[in-house]
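Take a look at these structures.
Each of the next two complexes has chain A plus one more chain, namely chain B in the first and chain C in the second.
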Partner chain A sequence: MTGSLAGVRWGDTLARVVVILLLAFAIFGPLANLVLWAFAERWYFPHKLPQEFGLTFWARVFAPRGSALASLWTSVGIACLTVLSTLAVAVPAGYALARLRLPARTLILLVFLLPQAVPNLPVYVNIARVFYEIRLNGTITGVVLVHAAHGLVLAVWIASAAFASVDASLEEAARNMGASAWRCWTTVTLPLALPGLIASAIFVFLESLDEFTGTYFVGVPDVTTLPLLMFNASMGGNYQIASITAILLLLPSIAFMLAVERFLKADVLAMIGR
Partner chain B sequence: MRSRPWAGLALAAPALALVAIFFVGPLMMSAVLAFRGKDGGFTTEHFAKAFELYSTDLLFSAVIVVVSTAAIGAVAIAIAGYLTLGEHPRTQAILRWLYRWPLFIPFIVTAQVMRTFLAKNGMLNHVLIGGGLIDPLQAQSLLDWRGIVIAFVWKQAPFVTLLLAGAMAAIDRQHIEAARNLGAGRLRVLFGIVLPQSRRTLLVGLVLSFVTMLSVLSVPMMINPNSPTMLTVDIAYRINSHGDYAVANALCLMSLVLASFGAWFYLREAARKVERT
Partner chain C sequence: MSPPSQATGSPYLHADAVSVSYGATRVLDRVSLTVARGELVALLGSSGCGKTTLLRAIAGFVTPTEGRIVVDGRDITRLPPEARGTAMMFQSYALWPHMNVAANIGYGLRMRGRPRDEIAKRVGEMLRLLQLDGYGERSIAALSGGQKQRVALGRALAVDPSVLLLDEPMSNLDYRVRLELRHELRALQQRVGITAVYVTHDREEALTLADRIAVIDAGRIAQLGTPDEVFHRPVSPFVAGFMGADNAIDVVHAGDGWSWPAGGAGTRARAHFRADRARLAPPGTDAGRGTLAIDGAVVQRVYLGTQYRYRVHAGADDFWVDDPERRDEGAAVRVLVPPDALLVFPAAA
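Moving on to the complex of A and B:
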């Protein structure tokens, strides 16, 4: 009796270990394959592993005049400009949604939901057509505008949640003690909402850094961001360059995944969509 | 609040304008251009042409997105269910750490990763051969519709799982304990108590994934660019090779119709949530 019970427990443990291992392979296997490609000098079918490892392609990617480094700076520059322009409009909007009396508040919230609920491709296609006519195609400005419109939605929602989670009685106390509205905002409201606002800035930054479809239509032929470079390398059959670029794009995403809970506290998360 | 309504509107106006100009406007333009003939009059010829050339791809897109959504739902229910009802804290901790890795990995990187992993000489086949599960001659490339589905599930399942696990964690534990004490098995508790109470979150997550997958260009383009393929690839092809915005917009409208089934549900749920608060 005890023997069969122990047997059941062993079988149970074994099943758990096998399932976890399979899941680990499903998640890390593809990533491991990417890392192998990034360090492969030569890798021909049917060899299971690269015949030769090395850093030649890394040297090529990070060459001072290499196109990869140029794309990296283009991407980072675009992402920074996107964050600035997005927050400039998202912070006031988020504050208004959280704290002020708004006519048709539900409708306004729904407008900010729309870009999440509708496929973006038709939008990019037609923006590209208009931008082509007004000569914004292939310019940094054009790409930043497209990224900003896309990032705006998340930014407004997170900013609104961040302001909503600030205790209103603290603001009232400051006002009662004679602080002006502006002073109250800069010394009480803004500092308390800052972690949430930083989280929304990081979200927007990553969205812009990783954005492909919009840049593909609006950025061509002059703006080559990192995702575009990766796409071209991959379609051109250069798996090493594509994999190294992919790793550059992966690192910030994974770092953010591991840190996200530090920025987005539960009290802010609970306010999203309110 | 003492503030006047126009103050709030003034603060929200720039953001609203940005969404109107760069989202709502182009969307309406798509609808107009899809029906406008060369002479400026109303026509359905673009749709006729789009159907004639791409009806297989329309079906292909619909099937892929539906299959992927179903698989994402199944994975999310399994993982979130175990995180909520499992009785083995260490396994749960490992699982919680493990499942989220692809959460913020962009689609284009997912596409590149799967392009190498699922190829005929990719790691998946080498591991299957090394493990004695298949013959070397049986190794085949999965870079067709299966590759697209795998890439979509790999990327989107963690997102839906995260939402669902959050919703499940918010359920009153007493309901679960009571059912367990009355002798209900864990599967029964999952499908009888936990899932019905977190159903709405699951559906919102699935709808968001459904809509997102419909407009992803990089994954089908890098994994399965040849016909039959997804509508997104056809749209890009019409524009880049023919400058044919009319048929491209007709195709766009078709994908919008597919998405609208999901979007309608999502907006309805969201509106209901807003009204409640």
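Moving on to the complex of A and C:
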């Protein structure tokens, strides 16, 4: 190998390293700040780093009667209920959209997309007003409904893609081999679509866990989820509590994203929106 | 209709004037077909002719708009697929990727509520029959095309179906694997003694496999007969062409045989013949009694291996003739077609 060629290679590698480092800083810089704040006991203005590290605030967050743990369980409970109610609609709807020759298929998929296209705030303000009249404001049910409406788009789209990726001849073969429509569905269709359905459940769960605006309008003050707690903490200048809650919110997201990557296969992704 | 070659009684499967329409399109037009017990009938036709639709109507995936389908005296026209007792082998094999080989083969018996040990025994029998011993625990993704085909066949045979329906089962296989499996399939079908309907677009496959062939054209049966009948005595120009006699020329009956060109007095007709039943001779060669002589020129030469195939231009027609001797393009030739190689149909009005 000649010297000049090696030089070009080195320059090339160096450029790549610099770009990757910049990218990493853009992504992980704010996160590093978050982690610093989570373990900072004292951190005043002119100092670049906290003067004192410790776990006092963690102890406070995880105190048996601390509000953080309570709202964590509220968040998880709401997310689970949201997943259940969303799947109850998304599974049959997704299957129908994937299999039946509905004339307005694309239109139906677009209608499910509509709540995402409209600005969130006016929608939630109106929902809050309606919910207030029918006494759903400040209830878990109300918050679950708002989260489900939000998660339905994603769930229906992914579920319909998951079912569409199950070849119809596989179902025909089951019927042909003596399976009733229901047994065919439970022994062939559902197991084959399951990875996609799990992925959609995970997305809905994460969406619900992170959701802020709708919960703010419908849930406050009776229902306090983790994002609301984080909001209150950072508005009150309590960056430690806010950072710790943020990390709590981050962990399930990262874990589930890794799982989703396994469940959402290319053949399912290729069918999304078809 | 000719009697089935393996007639062992009254028709076992009877499609009676079956029509199928998709919207305004009529895919099958009053098709009638009988299959005797233990017989293999091939439905032969080009894509879109309706052969697969007929198969799917027998399986229960499409509902006939008119007509009846009867199996062993039982009218199954309106029954759902799972209540018919037919077994279909799909073109794509349609094996379930989330089950292993044994679970695929045993599925039909499981749906029929058979006990576990009986299912395991039957699956074992099928694996042995199809030379798949030791493959029971394999996943479907780990199988070759030929093995998948065997598993699909095993799954269909495991339930001891009333009728075995095969939808182009060989079309996804390599040519050599196909040849091998074709003979295996035929031997197996005769050994098990199963009644089968076999959809294919490959005439060689139909000729080697079937007891009888139904040539299907535009939603109707153009001819139904033994391979020999369909090959040597096609009833229409379409069947003749489809069975490989695709050279067509206008002829006239004068004196003691058919002659070309079709000028002068006599009965006019259109004659079909196969490329390998004609031969080439130098211009002016004496044709002999009854032999059709056509004078033309070679316009194209294709090497076939054992011989050449020539495209000969004569009058307004082009046709293909096989000949072992090498000739140049442009050479004047006389095409000789012996009388028993001519398939003559009335001239189009």
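We adopt the following convention: the second predicted complex is superposed on the first by the 257 of 274 C-alpha atoms of A that agree within 3 Å, B and C clash if a C-alpha of one lies under 4 Å from a C-alpha of the other, contacts with A are read in each partner's own complex, and residues count from 1 in each chain.
Methods note: a residue touches a chain if its C-beta (ideal position, glycine included) is under 8 Å from a C-beta of that chain, and two chains touch if they have at least 3 such contacts.
Quick caveat: nothing in here was measured; it's all calculated off a predicted structure.
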Partner chain(s) touched by A:Phe212 [first = chain B, second = chain C, both, neither]: first
Touching partner for A:Pro64 - first (chain B), second (chain C), both, neither: neither
Partner chain in contact with A:Leu114 - chain B first, chain C second, else both or neither: first
Partner chain in contact with A:Ala174 - chain B first, chain C second, else both or neither: second
Touched partner set for A:Arg183, first chain B, second chain C, both or neither: second
Touching partner for A:Arg99 - first (chain B), second (chain C), both, neither: first
More chain A residues in contact - chain B or chain C: B
Footprint of chain B on chain A - complex, ascending: 16, 20, 23-34, 36-37, 45-48, 88-90, 92-93, 95-97, 99-103, 105-106, 108-130, 145-146, 148-149, 152-153, 156, 206, 210, 212-213, 216-217, 227, 230-231, 234-235, 239, 242-243, 246, 249-250, 253-254, 256-257, 260, 269, 273-274
Of all residues in chain C, those that touch chain A in their complex: 59-61, 80-82, 86-88, 90, 92, 94-98, 107-108, 111-112, 155, 159
Touch list for chain B against partner chain A, complex: 1, 3-5, 7-9, 11-12, 14-16, 18-24, 26-27, 29-30, 33, 88, 91, 94-95, 98-109, 111-117, 120-124, 126-127, 130, 136, 154, 166, 207-208, 211, 214-218, 221-222, 232, 235-236, 239, 245, 248-249, 252-253, 255-256, 259, 262-263, 266-267, 270-271, 273-275, 277
Contact footprint of chain C on chain A as seen in their complex: 167, 169-170, 172-181, 183-184, 187-188, 191-192
